[in-house]
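As written, the chains take the letters A, B and C, and residue 1 is the first residue of each chain.
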Amino acid sequence: MAGALLTVQDLSVGFLTEQGLVRAVDGVSFDLEPGQTLGVVGESGSGKSVTAKALMNLLPSYAQVGGTVNFDGRDVFAMAASREKHFWGVEMTMVFQDPMTSLNPVKKIGEQIAESLRVHLGRSRRDALVEAGDLLEQVGIPEPGKRLNQYPHELSGGLRQRVVIAMALACGPRLLIADEPTTALDVTVQKHILDLLDDLRRTRNMAMILITHDLGVVKGRADEVMVMYAGHTMEEAPTTTLFDEMRHPYTEALLETIPRIDTPSHTRLVPIPGRPPEVIDVLDGCPFAPRCRYSIARCLTDQPDLTSHGVGHLCACHAPVGTPSGTEARAANESAGTTAAGLDMDQFARNVPIADLGQSGAEG
Amino acid sequence: MPADTNEHTISSSRTAKYWRKRSSATVELAARPVGADAEPDPDRAPQRRLGVTFWAAIGWVALVTGAAVAAPLLPIADPDQIGIGPRSSGPNWDQWFGTDTVGRDMFSRTIWGARVSLMVGFFSIVAGFLVGGMMGVASGYRRGWIDLALGFVTYVMLSFPTLVLFLLVILLFGQGLWIVTAALSIVVIPSVSRLARAITIAFAEREFVAAARLLGATNRRVMAREILPNVLIPMSALLLLGLGLTIVAEGGLAFLGLSVADGFSWGKMIQLGAGLRTLQTAPWVAFFPIGAMFLTVLSLNLAGDRLRQYFDVRELGIGGR
Amino acid sequence: MTYLIRRLAFMFAVLVAVTFLAFSATNVIGDPLFNVVGFYASVDCDAVIAGEIKDVIGTVAGTGVGECERVIEAREKYHLDDPLPIRYGHWIGGMIQGDFGESYANQMPVSSILAERLPKSILLMGVSMVVALGVSIPWGVAAAYRANQRFDRASTAGAFGLLSIPGFALAIILFYFFVVRWQIFPSRYMDDNIFSRLHSLVLPAASLGLPLAVVYQRLLRTDLITTLQEDFVIMAKAKGLSDRRIMFRHVLRPSMFGMITVVGLNMSALIGGTIIIESIFSIPGFGRELYVSAIRDDITVVLAGVTVTATAFVAINTAVDLLYSYLDPRVRRAG
């Protein structure tokens, strides 16, 4: 791991509320090499955005943060404590979900991009605006000179997201965190933005953390994928491994929610029944157990640890998909009609035969 | 984030790791964490209990009101009797609040002064709420030209500088109790009307109003039966705040010698104590009525603000004075 | 563009309504003649001149004719025999040409009274506004920056206290301590030079400005807290900008709507406030003049006052409308 740009160890974020401590992120660890892309996938509330905000020093003061984050040999939390001025926005930057709201409505676009350059790199107003124009060109905005003097409301959503990306790239960051960068955009625009991010990452040799709820987004774009649920890492693997040999039932369930071109058009997308838990204090068992088709008695009492399932492949599950124990557990639940957690198996769509799933796992 | 009925067993099997409080150096900006809602702004969040402050404030207002109403029955000195004590003597055992420059008892005067202050303040705010409320509901419910016309009237009223309006009314009609009350209520009407209009528009869109209309209720009936109560209840929270404003406004008028000609209010007493010489020799003559007015208005503001939060109404846009 | 025209038309209509109301009220209910000729206003002067009435107010026949001729003269001069709308037309026409009429009390042209008195009041209001905004903006920003923490809570309590002191009472409290007790400020208005003027205006401006500052601070604080929840604030923070820069460069401007709306609407309170404050601090400004004129029924001066203040109010609120589009470019489209 000597070459890692970012090392996150045992990151925990808690929020003290009237109901108790909400553990939004609980013991998350990962490494990121320079120029690589990590996909972080999970439903809303899985803790992926909180993780990003913790890295970006964007959490409110009452958040309780634990663990260590190391960026190229620098202790990120120590920099936060000493109010480091030129790290965030320079070395590490972030792109947010909704370009409609993440631009200041009352400032011109040029001004907003130039601001970082002036604050962090000490550019003059004029130089900064020229550079801002270059940046707009790099992110593929037509007529950059004209755009500089426009206000955000005069641009479409896709263009605005490009502006946000230009802002994030202004100071030449080595790590870009993209938090659901396409969720708020039209489907037609989504791919363009993702491709743009990918190109920029490659040309600038920039590392990227791509946060999404959609496994389809990370496919072919991320080098590694981490699947999060209820603040925990469920599974982590190189992207191809994850898609070919997924081990975690949650990953499997997420994959089923992706619309695919090769599925018949009338096939219903399968939602995962239930909702993620609100993690008030510590859970005894696996957080996903109440919604899991594979859950066995042990899932309710023992929280599974991350165990290795191959090179760089970690999974936290007592009955992993595609392993004998997993297949057995699912078959047992299937015949009993309910899972160990009492979930009615009928709630799952029947259009995904067990045989197929078992097979794809068995191949690997 | 208020947990709904999640019943996760609370155990300490996995003991706390490194939960350290984030260093206070990192500041709170943009308090919108994903995992938990930002601390609620007490200005916005409806409050479930009224609290000690509210009841203390109401207690003071009740005490002052009671004393003012019962003033003729109370065993206190005649407020107008000159020379009841030595001239310009400070607070002492016989005259708790001291005496003024002609030896009248300030304690008694402070209680009697509350009568005019409270009466004018109360009647004018009630009148202002009735008229302004009806205007607001009418223009918010009927919209169209009624709304336009009433909006114009409201704006014309707002364009008259407050005190100039008073001057004009008093110049023309004199300084009777009801004239002064009416003049003060005119000042309240525009703000009340605007607020009632906004609340009405919000309510008029609701299902129950639509339902009442569908069932064939006439406009007037819908206004009277369905909307008015729903507007008046939240607005009543603002009555206390408005009362504070009218008491202060009456004080300002009286201070200029423009309020009710008979009797005296706190404002009049402050005026009598505000001369340079009196302030030099007997500052308490001005300061006791100022204190009484301050405590009363403060109580009304505190209680009113609490009620406003309780009913979750927007602030009355009267603002300054 | 159409918006601007509609806005100006509305403004014009409001002004006509205000002045017409004020004019007709003073002319119908009050008797303008009385101010000029006193008692003779109620005498049948035509009859006196014609000699039909011999004995007016117990004097011998033939007397009072001179006074009655003055009454007739005044009637013509002030167009008192014309119907109300025509008289209003004459009056407003004169106003537009800068002829504000003459004071009934001392026959001075009202325009010269305005010229002498108005600048002092404008200076007072200007300084008060500077106090109000100068206090409320930093205060509101500081309170919203750490909302619901110690400073904010303390300032909320303080705001309630200040909000509950009437302006004139605050003026007397300040006057007592700073003029009577400590003698830091003069008890009269010193009109020697700009420094002595400003020195004399410190307490009056504080009395007028501080109560307004409290109101503005509350509004600004609420709007700032709302804006702080916006995504672009997180974005700005992610850009690594300092909190100070975020508060003043990014958050403040879009949070000023509520405040400046009330600044505009509060103008009438401010104008009213000058009347009281100028009396307490003996400032020979227009507010005091207006008050004195109202007391002695000097209708032309009062009418001029109503016109000037209402025009100022409408103009300032129109300016506030235009300021919106500066504060938020999204409004410009609608314009």
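Rule of thumb we're sticking to: a residue touches a chain if its C-beta (ideal position, glycine included) is under 8 Å from a C-beta of that chain, and two chains touch if they have at least 3 such contacts.
Keep in mind that this is a model prediction, so the values were computed, not measured.
Asker: If we look at chain A and chain B, which chains touch each of them?
Answerer: In this structure, the chains that contact chain B and also chain A are C.
Asker: Check B-C against A-C and say which one is joined by more contacting C-beta pairs.
Answerer: When A-C is set beside B-C, the one with more contacts is B-C.
Asker: Which chain's mean C-alpha position is nearest the mean C-alpha position of the whole protein set?
Answerer: So the chain sitting closest to the middle is B.
Asker: Roughly how far is chain A from chain B, centre to centre by C-alpha average, rounded to an integer in Å?
Answerer: The separation of the two C-alpha centroids amounts to 52 Å.
Asker: Cα centroid separation between chain B and chain C, in whole Å?
Answerer: Taking the average C-alpha coordinate of chain B and of chain C, the gap between them is 23 Å.
Asker: Quick one: chain A and chain C, Cα centre-to-centre, how many Å?
Answerer: About 58 Å, centre to centre.
Asker: Pull out every residue in chain C that's touching 2 or more other chains.
Answerer: In chain C, 230, 234, 237 touch at least two other chains.
Asker: Scan chain B for residues touching two or more other chains and write them down.
Answerer: 27-32, 38-39
Asker: Specify, in ascending order, the residues of chain A that touch 2 or more different other chains.
Answerer: 57-58
Asker: So in the complex, which bits of chain C are touching chain B?
Answerer: 10, 13-15, 17-18, 21-22, 25-26, 29-30, 145-148, 160-161, 163-169, 172-173, 175-176, 180, 187, 211-212, 215, 218, 222, 225, 228-230, 233-234, 237, 243, 246, 262, 265-273, 275-276, 279-280, 290-291, 294, 297, 302, 305-306, 309-310, 313-314
Asker: Would you mind writing out the residues of chain A in touch with chain C in their complex?
Answerer: Going through chain A, the ones touching chain C are 56-58, 85-90, 93-94, 96-98, 101-107, 115-116, 119-120, 151, 153, 164, 167-168.
Asker: Name, in rising order, each residue of chain B that touches chain C in their complex.
Answerer: So the residues of chain B touching chain C come out as 27-32, 38-39, 41-44, 152, 155-156, 158-164, 166-168, 170-173, 244, 248, 251-252, 255-256, 267, 270, 273-274, 276, 279-280, 283, 286-287, 290, 293-294, 297-298, 301-302, 305, 315, 317, 319-321.
Asker: List the residues on chain C that touch chain A in their complex, please.
Answerer: So the residues of chain C touching chain A come out as 230-232, 234-242, 245, 249-250, 253-254, 327-330, 333.
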